[in-house]
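Below is the structure I would like to discuss, written out as structure tokens.
Think of it as A, B and C in the order they're written, each chain with its own count starting at 1.
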């Protein structure tokens, strides 16, 4: 199913600027240099996979982009705007979304309520004490996103009672709330069954063209199916970049990646 | 949980009334006809007091159950509202009381209570969850000591007496039957209001903040402001409860919002259950029954009659140990036992 | 460290320096008439100051255990005041039976510490990580303990009397004034037992600081206060550390009960009073910090004493006002981590 225009309504054209541009981004935790001079450029609507072993700095990269931890050096631009020093919610308002590896859902609320909150977050009247009507745009978007994620059967169930795979699907539904332009997907396929993985690939492939994403994924199959371009990271640095095909046949990448997976 | 309206947005609208479980209708009908057979003591001291304590605990339940904020200052908010009514309205302390009409002193009481609660909330939410108990307990005791020491405004140790509800619409609201219906009305009103708000953006956001403040901030919500707003909202049921409490006992003194009553409100909410707005009323009813008949209960158990605190303390501990969701949780567990599938022994859920 | 602080907060340093000088002047100078007109007799001032400091030392004994337990286990021990009172009653009984005041201290420490071990082992260990539930349990325990103690000891005041060699006043070298007739200096007399207790608290405080900063287990506990995952990762048996810290904090509260029973008296309601005092001290000083507890205890002790002398009506309110101000500007307390 396609997303309707209501909640993915295009922002005004952003000219020729890149969707995301990282210049010399570094992140240091004490003595540990988790990110070392990373530069990265994404065109609007581009789908990029970031691969690499554990500790290669992938999740740190996401934390810097989403604003969870600011980088120690470098510059991050979102659609031409310098967002390096912005708090997370300001980045959200500019169309950036992320999912988390560990589940950060509202466990006491229902699936629909989770998505509804995600839809409301970017709108006005967040302090309203009036119950939402069934025709409220945020509510309609929430219903639609829940369907899109294939969760419509469990819409009223508290999140604490969902299966792991369903929670991952919910993460994606929440990330799609409220006109996103760029998604950061942190291992969305981890822990999913083969069927659920295929459903995930379908959801990602069917996203509207103007929504780009960066995906961290251990499952090469998923990562290469949904992405147009691949960045390989190692020890906090960008190690190699290229089309999925090129990297698949690259001996160095194979050695590094397969070595990690086997070990 | 037996919540007629908490099943999610999916089924809002339509025949909301038709889906209220029969138990609620029965309880409502029973409460309406209580005055036809109950004595004045039962109406005034048992039911009236339960409704009032229930309302004040409800304001704590709203903060703690939905927002994860265990504020011990809710009885203080109630006490402050009672004091404002005594100071601005009429009491036996004619030197201080201003004799203003009810349509000034009651709104003034609500307003001042709301402002006070907002300030307390602002102080308390600047730190993380667990500090809330400490800070609000300290604020509550500051209020207690202040009212006890201040004679200019709060008349110190003895406080105010002779505070009566106004004669409105030709009804003497001190009359047990009238007061019963007045307290019942406000209890039901706030019960429904909290239930309603829990499904609004404000209420949902509060529950989201309870579950995961970091994620809520990442979604674009202002976590601190939502928490403070919750304190402001919760001030109103507490303040109404405080005014009714003042009328019910015709007096207010520092002891009304002393450390004991402040802690009792938490005990009531926890015993009843923090998951649903009916919990505080269940807890209040149990508390009032125990308090009114503890002598008989204790003597029947072969103990000295004055050990009420021991009884309530042990009951509280038992609840915290075995049923963190209070009596409501126990009830839900019992009900679930009956719904278990006899073959696989697992819970059969109605989706 | 001083230099670093001075460089980081120049204005604060100046204020602290000025306040220290003024305080030193007020303590050591012979007061000119205008100062006496302004503040009253110097003896009154010195007495309130010293009473404040000694009261602060009592608060420190209670609050340091409270803050340690809170810092390490995130357990707001609302039964801490009850442990204090329990210690007071035990100390009274032991002192009364044996006739040795000094014996009351180890007795209260051991008995209340054991009670703490039982609590940690049978209650809190079962709800590891559930902050709110643990706190509610301590609240329930305090209600139950208060009523049991009321049952056993009744509503009377119990006073633990210090031995004869500690009772009575002691001459100090602080000048309170000049005799008008002879021009002789008058020196302040101060109760010996209060000074003894002040010294004992300082020794305990310094001992705790050394234990926390110089021993392996102490450093582990401090690391655990900062980041609790470190403890479990260090391979040490975390439950043992928890039990030890809880027992030590409870024992300190029990010992403080003996001190409180000597200073003042033990009676129903004192548990809440000292629970509140520890809450305020810890909120002001900084949660989980021992130096913070010391600073907060002295500030609150002095504020209470000066309040009761100079603004008797609002003495209690002054301390809460300090708390509100600290909360408004430094939500984590004066020495708390921000």
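Operating definition for what follows: a residue touches a chain if its C-beta (ideal position, glycine included) is under 8 Å from a C-beta of that chain, and two chains touch if they have at least 3 such contacts.
Every value quoted in this text rests on a predicted model; they were computed, and no experiment measured them.
The central chain here, found by comparing per-chain C-alpha centres with the mean of all protein C-alpha atoms, is B.
Most remote from subunit A, judged by the distance between CA-atom centroids, is C. Centroids of subunit A and subunit B (each the mean of its C-alpha atoms) stand 43 Å apart.
If you average the Cα atoms of subunit B and of subunit C, the two centres end up 35 Å apart.
For this pair, subunit A with subunit C, the centres built from the Cα atoms lie 51 Å apart.
Of all residues in subunit C, those touching subunit B in their complex are 74, 76, 78, 131-133, 135-137, 139-141, 143-144, 146-148, 150-151, 272, 276, 279-280, 282-283, 287, 313-317, 320, 323-324, 327-328, 331-332. By the touch rule above, subunit A contacts subunit B in their complex via residues 66, 68, 88-89, 92-93, 98, 100, 104-110, 112-114, 116-118, 120-122, 125-134, 139, 142-143, 153-157, 161, 174.
Taken together, the subunit B residues at the contact with subunit C in this complex read 68, 70, 123, 126-127, 129-131, 133-135, 137-139, 141-142, 145-146, 149-151, 259, 263, 266-267, 270, 304, 307, 309-310, 312-314, 316-317, 320-321, 324.
The touching residues of subunit B, when paired with subunit A in their complex, are 7-13, 196-197, 199-205, 207-208, 210-212, 214-222, 225-226, 229, 233, 349, 351.
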